[in-house]
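Below is a structure I'd like to ask you about.
Every chain is named by a letter (A, B and C) in the order it is written, and numbering of its residues begins at 1.
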């Protein structure tokens, strides 16, 4: 059945697949992870603040994002970001932004909801005694959070955060719906152009598998190691 | 008592309908050591946490060095920085080395330079006999060592008074002495201390007064010899007979 | 904002000439729910089997189960859909491939299969974790009573494990509903695809997406409530899942 399997089409397009496609995928993953963790941590602090004025909007936001499919959010932000840009800059008409910006905004805001829940669990895992000890030393709320609670929460949750990043890495393939040349987009374009769907999609699957599997094994090793230290 | 350092006046506290503190009053003079004891759930830990505002109270007033703890205008972090506290479960920061535990608040809260903070930290580690453990993480130390580091951490802030919340009750028996030795040394050096503990030997040795609490009330507040010699209340007698039986 | 809102658009007739835009969205919703439902049945069945064999004492079965889970977890769902839709018909014998391609509603069947297998790996993780969270004593007690291993699983371990797993399974059920939107890439006209096509033809972007968002939220709330009710009905006192009030 693989008699007419054309390995050459893969070899010929390697440069395009990795330099154009995978680079986009990895940059989007890295930036959306960083942005998502920062915004997600802020949301978690808002949810745990005890002030309804902060907690209620944050909870609503997280529940909203977790209720809708990522694909729909990608579409939403593709059309919404130009208007947000217009509103932020006070321009006369919607700001034209590239695919990259709109998908970065979509992924950051979407994943922030998931990172929020991870960080919230992490913060709640820190005992009240640690808070009391920091306060007893005269630390303010930002100091207590910044030096004592968040570093520990982040460390405790590191394996979960990394696992979520692997999920995010796989999710970035959904920018396909905007015809963006991420890794899958690149593979798909070659597949359509050369009529080599079997080769290209199998190759894409193998590449995603190898990266995700290696990364998740790494996370597993890491969580075993941190489990011993503590 | 010439110089009152900590003044607890008619303090009451409710958790919903449940009263945990009932009109508690006592005064602690400068350089005085007061031991607070009583059965579990008597409110002694809650009372000591009211002193540095970790627990809010409903009625009454507490002043430390003339500053009112319950006053909403009081800068609580600033006040807390001047009162050392030692916890039952040590509460060292597990993600920081022993030395970082000692210097963090000195630098971030008191604004000391890193060099000064480290020097001070080293001096106090020396004092609690743990000079060579500075670069270890809390998880690598024994319980007794961790509690001594916690005492050094509190002392590093140059506190005007120290609060101890059952500092030895989470320790294995063989480690209790090393912690109590440090506390006895502190008391001899004239530190103002409120110690919640069941270590009656310690109380006899260094406490000037013993406060006995039960069901959220201060039942007895007497000089040490008097408390152990002839406690006036029946509840204190019962308590003593139970914990001194063996 | 110089965007022209027109909420009346939902009652306009869509390009198919027969349905209003609102009706097309509701039609999409039924496809979303149908896809999710059949895929969920598949996921529960395969997920339970794989999850159970990963807790058996047989090392080879455990390895097989682990390989299954790793395979389906480490390839993006979208790529898996493409594999089932574009690649599978090409690599099977030609007659079968042709037959596959000629199926009406091929994208629906493909979506169900792809989503079902993808989710089964995640369900398998939950099933395994649920069984392992039970005390080893439960298994030993069941075996000591003379139950066979399959009986021990069927009567003792799984009934309890499923109760423990209900909350995580609820979130997988919600995930499968959301993930069915990925099938728009292989041409399934589910809810998100309908909103997208409404936006393309009517140019009323935000109305279309708002409607889809609201429908997803309603589905979410309904499923969450239903699963909570199920949790309460199946709760065993003194165990996870029992209501907190009973813990006093």
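Simple rule for what comes next: a contact is a pair of C-beta atoms (placed from the backbone, for glycine too) under 8 Å apart; a residue touches a chain by one contact, two chains touch by 3 or more.
Every value quoted in this text rests on a predicted model; they were computed, and no experiment measured them.
Visitor: What topology does the chain contact graph adopt: line, ring, star, complete, or other?
Guide: Its topology is that of a line.
Visitor: Which chain is most central here if centres come from C-alpha coordinates alone?
Guide: If one averages C-alpha positions chain by chain, the most central is A.
Visitor: Quick check: how many Å separate the C-alpha centres of chain A and chain C?
Guide: For chain A versus chain C, the centre distance works out to 21 Å.
Visitor: From the C-alpha centre of chain A to that of chain B, how far is it in Å?
Guide: 46
Visitor: With chain centres defined as C-alpha means, what is the inter-centre distance between chain B and chain C in Å?
Guide: 55
Visitor: Residue numbers of chain B touching chain A in their complex, please.
Guide: 49, 52, 54, 76-85, 87, 89, 91-95, 104-105, 108-110, 139, 153-154, 157, 163
Visitor: Help me check something: in the complex, which residues belonging to chain A touch chain B?
Guide: Counting only chain A, the residues touching chain B are 127, 129-130, 132-140, 143, 147-148, 151-152, 155, 229-230.
Visitor: Going by the contact rule at the top, pick out the chain A residues touching chain C in the complex.
Guide: By the definition above, chain A touches chain C via 1-2, 64, 66-72, 75-76, 79-80, 83, 86-87, 93-94, 170-171, 173-174, 176-177, 184, 188, 191, 197-198, 201-202, 204-205, 208-209, 212-213, 216.
Visitor: Which residues, counting only chain C, touch chain A once they are in their complex?
Guide: So the residues of chain C touching chain A come out as 1-3, 70-71, 73-80, 82-83, 86-87, 90-93, 174, 178-182, 184-185, 192, 195-196, 199, 205-206, 209, 212-213, 216-217, 220.
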